[in-house]
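Going in written order, the chains are labelled A, B, C and D, and every chain counts its residues from 1.
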């Protein structure tokens, strides 16, 4: 049951061009930095990336766009990344915008064996174009399909050798739903402990959803907008 | 934001005959004992009860059946309650059997604003009779509707005055999904603390899902099958 | 006189009732949280995964892992909880949020809202806005009454891509408080010193005016 | 000679591979966990909300809040996690469980299973069985080859209400190991001393027999 890999390079060695990859994080918060760095180094291309945002110009998912590795990006927001917008207008990649809550739920559904479900979000908007709509109890809903992902890259605070994960504060965000969804979920953690050291009541992502885990070092944990009291 | 009520009697005083009530627990594990006791005393009747099981003959949901307060029971299993079976054959109440995972997901969906979703469970069986079926990616699924519940009775280990809940071990089970679903969710806890004393990382049910909370005393916590090592 | 941003934020704060769970968009909506009366206890939800958001941290205790929906460093108040995005949007979609306040480019007298995209200009994305407007119980828009070109933002039909349909309940602008009723826009209050005529002139849809319109009390 | 329950449990244990997440039904399936080889590390899932189920507790440390799907007191092993039923069935429905073992009244040569209801007799309910058979990757049925009246339980069509369709991959009985293939039942192994002829006679559907059928090694 030991899921510890010695390096991120070992974890990603089988990823092929054209793979569908989920990347956890909300902006740069809870970002699988080591996984992205390894993807950059690997040069794997034509990726379909599912992520909440495009990161920023020079960090996070933005790095994969700069490196021309993404064919299609599915995200809810690219507003903090001017470079992503320029590359989009230049036709370098395809963008599918999906409401944030729908991204989270499609990821969870993919992990939970629910092929489709209905949400009110996006009804009547261009984001619902081409999607089935249906009325329930007098209100209109849009049918959304579960995501499928070859890999999910997630980042947690603590993890154990069985793949159990605990997130810090708001760094959970998309990481848990995406961990559920990946055919292969690769978790990187700041602190890796032997199975048995984490309280089973405190686990946010049970190890069954995680296939590979490793401890990262020297996390940059870049802050997008540092705001301080009285400053 | 203080949701503490002084007594369970106060919490349930507005429940009307004919209400739909969810009751957390798996069998007798994680049972809202005080809530059931108060329902018995109140005499409220013609209830639709949604619960994982019928409890046992003389404890849990079984007590409400004995007291003729249930018009319809929606559950996945009544096998540990002979009395429930007798009353069913006597036509005393209506029983709708639903697969256990589907009960949990219909409760979560009700709380999550998802009116309907598809599951593989029960396809091709009598439990799917009258339900829509649909093929996705070559596999057949059944459409399930979200539950709606006027009240949800749940039991937790620890809770705070804002309604945040933490469950012990396997006593979470249906309690968290049902807490999400109740229009009014009444939580009873073994230990009630002021807001701020529980670590926000450890909360299983955020307080937004809970409308009333109180501390119960003298929990019986009856065990259905006590099995011991080497005995 | 037209209100400044602070004025709009103060008026919005008056809509916050004791016991509310509230989601506030970036900018003026978030600013409103500074003006909540002391006896009104609310919990701020931030859709990236926190109930019980507090103010900005001090220089000694900020944490890259604790941010709000605007990706700004924040704090968590006593009684807070952290959770993943699926659970966070379950709160929104499931109608557990009592009040949502957000900005907009245009709002129609049926409550439709356009707030996320200006075609041919910038591409940002809807983030969580489409989830919020589709499901919150009570949606208030905070915006200026007209855009930079002086064009009305309260309209019959949106010219920009929609964020949601028939969802906005009330609009607080620098000039007025307007409710979206079944019969269309209804003028409820006007900014101190602003005339009903000016508001009518700057609104591109019929405005129901029922008796004397009081000034905002801010 | 036909196997007893322990024999069936031992044979099932041979199907458990290192690294498997396993869900075991009440009775013989659960008994199988006693016979897993020491070098095979598996994690037992119990659908009421625990990964990493251990054995029964001692008299000093049992806990009413820690039970298995059979409502028996159990323990949690190092590396365990607790979760709610929605997450627990997400694991099942999402195909994260590598092996499910459960009992049955009847199994057909297409893999249909009847295991939850005998009309006119007792009403119990399906519990989590319909979720499990609809979604686990690999479903093994543990049962006697015939019922108490001596009637075959491996059949062409179920006479009892179904639990799931086209889902069972393998059946381990007191007489044989049978795989469900695209062409129907295939006899894989026989219990020590039990003849192929006896198995054919007690099976109410065609049985593919490919060459010499070995005895189980238990």
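Just so we're on the same page, a contact is a pair of C-beta atoms (placed from the backbone, for glycine too) under 8 Å apart; a residue touches a chain by one contact, two chains touch by 3 or more.
Note that the coordinates shown come from a computational prediction; the quantities given were computed from them, not determined experimentally.
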Topological distance between chain C and chain D, in contact steps: 2
Of B-C and B-D, whichever chain pair has more C-beta contact pairs: B-D
Chain located farthest away, centre of chain A as origin (C-alpha): D
Cα-centroid distance, chain A relative to chain D, in whole angstrom: 36
CA centroid of chain A to CA centroid of chain C, Å: 28
Per-residue overlap in chain B, given as positions that touch at least 2 other chains: 105, 108, 112-114, 119-120, 167-169, 200-201
Two or more partner chains touched - positions in chain C: 50, 76, 82-83, 89, 92-93, 135
Those chain pairs that satisfy the touch definition: A-B, A-C, A-D, B-C, B-D
Footprint of chain C on chain A - complex, ascending: 26-30, 52-53, 75-80, 85, 88-89, 95, 97, 99-105, 107-108, 119-127, 157, 167-177, 204, 221-231
Complex contacts: residues of chain B adjacent to chain C: 1-2, 108, 110-114, 160-162, 164, 180, 195-196, 200-201, 203, 206-209
Chain C - residues contacting chain B, complex: 19, 21, 41-43, 45, 50-52, 76-83, 87, 89-97, 135
Residue ranges of chain A in contact with chain B within the complex: 105, 109, 112-120, 134, 136-137, 139, 141, 145, 166-169, 200-202
Residue ranges of chain D in contact with chain B within the complex: 46-50, 55-59, 62-68, 70-74, 76, 82-86, 88-89, 92-93, 112, 122-131, 134-135, 161-165
